[in-house]
Amino acid sequence: MNRTFLLQQVLNGLAIGSVYAIFALGYTLIFSVLRIINFTHGAIFTIGAYTTYALTGSQFGINGLLAGAALPFGFPFVLALLGGSLVAALCGVIVERLAFRPLRARGADPLLTLVSSLGVAVALVNITQYLFGAEPYSYPDPLQGLPSAINFGTAAAPVLVRTVQVVIFAVSMVMLVLLTYLMNATRTGKALRAVAEDMTTSSLLGIDTDRLVLLTFVISGFLGGVTGTLIGLSVGVAGPYFGIAFGLKGLAVIVLGGLGDIPGAVVGGLVIGLAEAFVPAQYIAYREAVPFALLFVVLLVRPQGLLGRAQVQKV
Amino acid sequence: MATFLATYDFLLVSMVLAAVLALTLYLPLMAGQLSVASPGFYALGGYIAAIMSTKIFPPGPGLYPVSLVLLEMAVAAVVSGVLGLAVGLPALRLRGIFLALATIAFVQILGVVALNLNVTGGAIGIFGIPQPFSSALQYMWLAVPLLVVSMLFVARLERTRTGRALVALREDELAAAAMGIDPTYHKVLAFTTSAVLAGAVGAVSAHFINTWNSRQGTFDTSVNLMAFVLVGGSRTFVGPVVGGLVLTALPEALRGIAGVAGLPEWLAAFLRDGRLIIFGVLIAIGTVFFPQGLITPGLLRRLVRRRARPG
Amino acid sequence: MSGAPGPAADPLPAADLLTVERVTCQFGGVTAVNEVSFAVGRGELFGLIGPNGAGKTTLFNLITGLTAPSGGHLRYRGEDITGLPPHRVAKRGIARTFQNVRLFGELSALDNVMIARHVRTHSGLVSGVLGLGPARREEHETRERATALLALVGLADRPEERARNFAYGDQRRLEIARALALEPELLLLDEPAAGMNAGEKRALSELIRSVRARLSLTILLIEHYVPLVMNLCDRIAVLNFGQLIALGPPALVQKHPAVVEAYLGDGA
């Protein structure tokens, strides 16, 4: 196979994959601490994207209740990104307080929490659609001055990757390092892992489990919001339902990597990105099925995922 | 009365079909399995009917024969059953969340496949599906028997050896196995029966809606079904039926309220288009405040007792 | 050992119903059961005792197929049942109760017992739903047998009561009725007297004796309450840290130095 082609596909795969990876980091973090799948992560993703858009002072289109609305001021992109992600984090916390906390207090089955999160996600996404319509939006370009693409090949055989995708990959690596450092090398991380093991015992040992759960949702929501904006930057904001699509795909990513495994989220994301990139041209239409086919197979063959440990079932 | 039926004919049939679909979620749930695979079989059933009636049987003058619709339903049921068995046997070794995820993946894969095959009409789908009836209301001739038969089936099931086995699995799979109940066999049985029913509903729906494409039987449908069962009741077959009927009628009722003069536009628009918002919120509220749904076995017992006592 | 012959004459060379052959079970780094071997004869009332964590319940789980052994064999009526899934073990005639009662809490007492009739009945889905003659008769018979079993354990007065509403001691008796519905030849009781007061313990003892005689059962009993075990059992096996440290009639086992040490520690 042509080396240039191969390199191009690999880089494309890593580019797609790194977006999945950042999304999955937040998704899997919640599972690692609370043993629940928080499907609202996709809705948070949407909220982050839309809030960032609003914060850049851009105007919303002709559909939706807030048609034509725009903030009277606009922030530079990076600030808008931070603001949007903080709002997303806040939404995550609100969802936690209202929907998940009561279930956790009752010791409800994680399945019930999954169902609840599905409902909340669908409600939030549809509220967004009700307010802003489903038109596509794009952000004002923050990378002016930088070349639009970086060449990883040669002048004769160029292998181009869009600068924004390189930035996203870099962000995903930074996030992975930061989260791994947090979980393994800080006291907070240790406390989080204790809570993940056994919440009741941790709380009896004096760990403020409530605050830690809050922190988990803040980090996760923030990451979700960041992903939403980054994807919006990369391919545009394609309607609120994009969050649901991501939420569904994200399931494949975190199961493949290993539920609750933080490096696994990145591995899973990159693997699925590469798998999608390497779909042969004649099957390109089936690309969207690839993550789900992988999910199905992984569930049957190795449900703990690539990096997870096999679960011992206690009787 | 006649104008009521004429105005709401489409809605009434939709309500009945939704109630039957709700039962397809209820069946695996009887065995403690959350499977959201039925939208996939529903889509499959619809495609089978659509393809058979537009491509296989030649179009004739007048109405499409009901006997052929019944044939399509039978074919859809059998094909769904076979696929259900093929998917269920490996998948039902999974528990809890893992099974739910596998069924989500299944529906997504089917959706992508449907979107891309020529025979399913690709993104456009199949339209102009022949009509066996001259009015929407007459679809009740198919929908109501389907509902009645499935309700009778499930009601009887709850009182038989097999039904008891399913419920035992739901209560405590380990103890049930220790008491001699084969978990995989029964879970696959419930799953396959659910697939068969979903396929049959799909076949009727394809004719009813007149077109069929990959927007039928999606993740959104799963969310609808979960709302029906969660709100209606997950511990008795009456629950999903009532949930399906009421929640399908709810958006229409809200639309009626929206027409009342004097409402602010934002509220009217919400009542008109906010179906999924309402369902989503209902699901969230339901899991916290009434996880067994509104119609519980306890409630049914009390209602029956009250009826038995002389007034 | 009495031994009413089983349902059909079977060519068992010895009168051993259950043979545990060097069975081992390891979870991760922990060896819960370590090369345990013993045999239970037809009609025996066989006790299994040992300190907490000795591996007694794990052994039950191994016998009933809930856990697969990492080594060794289990033979029942001469057949190798190692690694069989729980429902197949139950079908062959081994029934059990659980250390932490595992009733179907939301279901009625009668339903709990009726469910366990599953392996001794045959009606399938279709004949059941259609209510065909044989299915209806079988349903009727299931109900009658379940009612009789409830009466046997003294719970005939509340058949429709939800299982979780019963007092703890009654729940344990209900679990026994449920296990008996399988028409087992071998009954495994896991700490059936836990949570019972002295009177209930006596009644339980009587129940076990009468059930064993009337139904020609072989019983394997895990119990912490030593007087019960000493009174009831023909032979006792003692486990400690997953190993068999003594085996024999109660009087001998009681005085066995390893047993004394296990229970009292070697500070003495």
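Should a chain be cited, it is by its letter among A, B and C, assigned in written order, with residues numbered from 1 in that chain.
The rule is simple: a contact is a pair of C-beta atoms (placed from the backbone, for glycine too) under 8 Å apart; a residue touches a chain by one contact, two chains touch by 3 or more.
Here the structure is a predicted model, which means the values were calculated and not measured.
**Student:** Quick one: which chain's Cα centre is the longest way from subunit B's?
**Tutor:** Comparing chain centres, C lies farthest from subunit B.
**Student:** Among all chains, which one's averaged Cα position is nearest the averaged Cα position of every protein chain shown?
**Tutor:** Chain nearest the centroid of all protein C-alpha atoms: B.
**Student:** Quick one: subunit A and subunit B, Cα centre-to-centre, how many Å?
**Tutor:** Roughly 31 Å separates the two chain centres.
**Student:** I'd like to verify one number: the distance from the centre of subunit A to the centre of subunit C, where each centre is the average of its C-alpha atoms, in whole angstrom.
**Tutor:** Chain centroid spacing, subunit A to subunit C, equals 50 Å.
**Student:** In whole angstrom, what separates the CA-based centres of subunit B and subunit C?
**Tutor:** Chain centres of subunit B and subunit C, defined by C-alpha means, are spaced 43 Å apart.
**Student:** What residues in subunit A touch two or more of the other chains?
**Tutor:** Those would be 315.
**Student:** Identify all positions of subunit C at which a residue touches two or more other chains, and write them in rising order.
**Tutor:** In subunit C, residues 66 touch at least two other chains, as defined above.
**Student:** Among all residues of subunit B, which ones touch two or more of the remaining chains?
**Tutor:** 174
**Student:** Can you check the complex and tell me which residues of subunit B touch subunit C?
**Tutor:** Interface residues on subunit B, with respect to subunit C: 153, 156-157, 159-165, 167-168, 171-172, 174-183, 189, 193.
**Student:** Report the residues of subunit B in contact with subunit A in the complex, numbered from low to high.
**Tutor:** Residues of subunit B touching subunit A: 34, 90-91, 93-94, 96-98, 100-102, 104-106, 108-109, 112-113, 115-116, 174, 219-220, 222-223, 226-227, 230, 266, 269-270, 273-274, 276-284, 286-288, 291.
**Student:** Which residues of subunit A touch subunit B in the complex?
**Tutor:** Interface residues on subunit A, with respect to subunit B: 37, 65, 98-99, 102-103, 108-116, 118-124, 126-127, 130, 244, 248, 251-252, 255, 285-286, 288-289, 292-293, 295-296, 299-300, 303, 315.
**Student:** Quick check: in the complex, which residue numbers of subunit C touch subunit B?
**Tutor:** Contact set of subunit C toward subunit B: 64, 66, 85-87, 90-91, 95-96, 98, 102-107, 111, 114-119, 121, 123-125, 128-131, 135, 138-139, 142, 178-179, 181-182.
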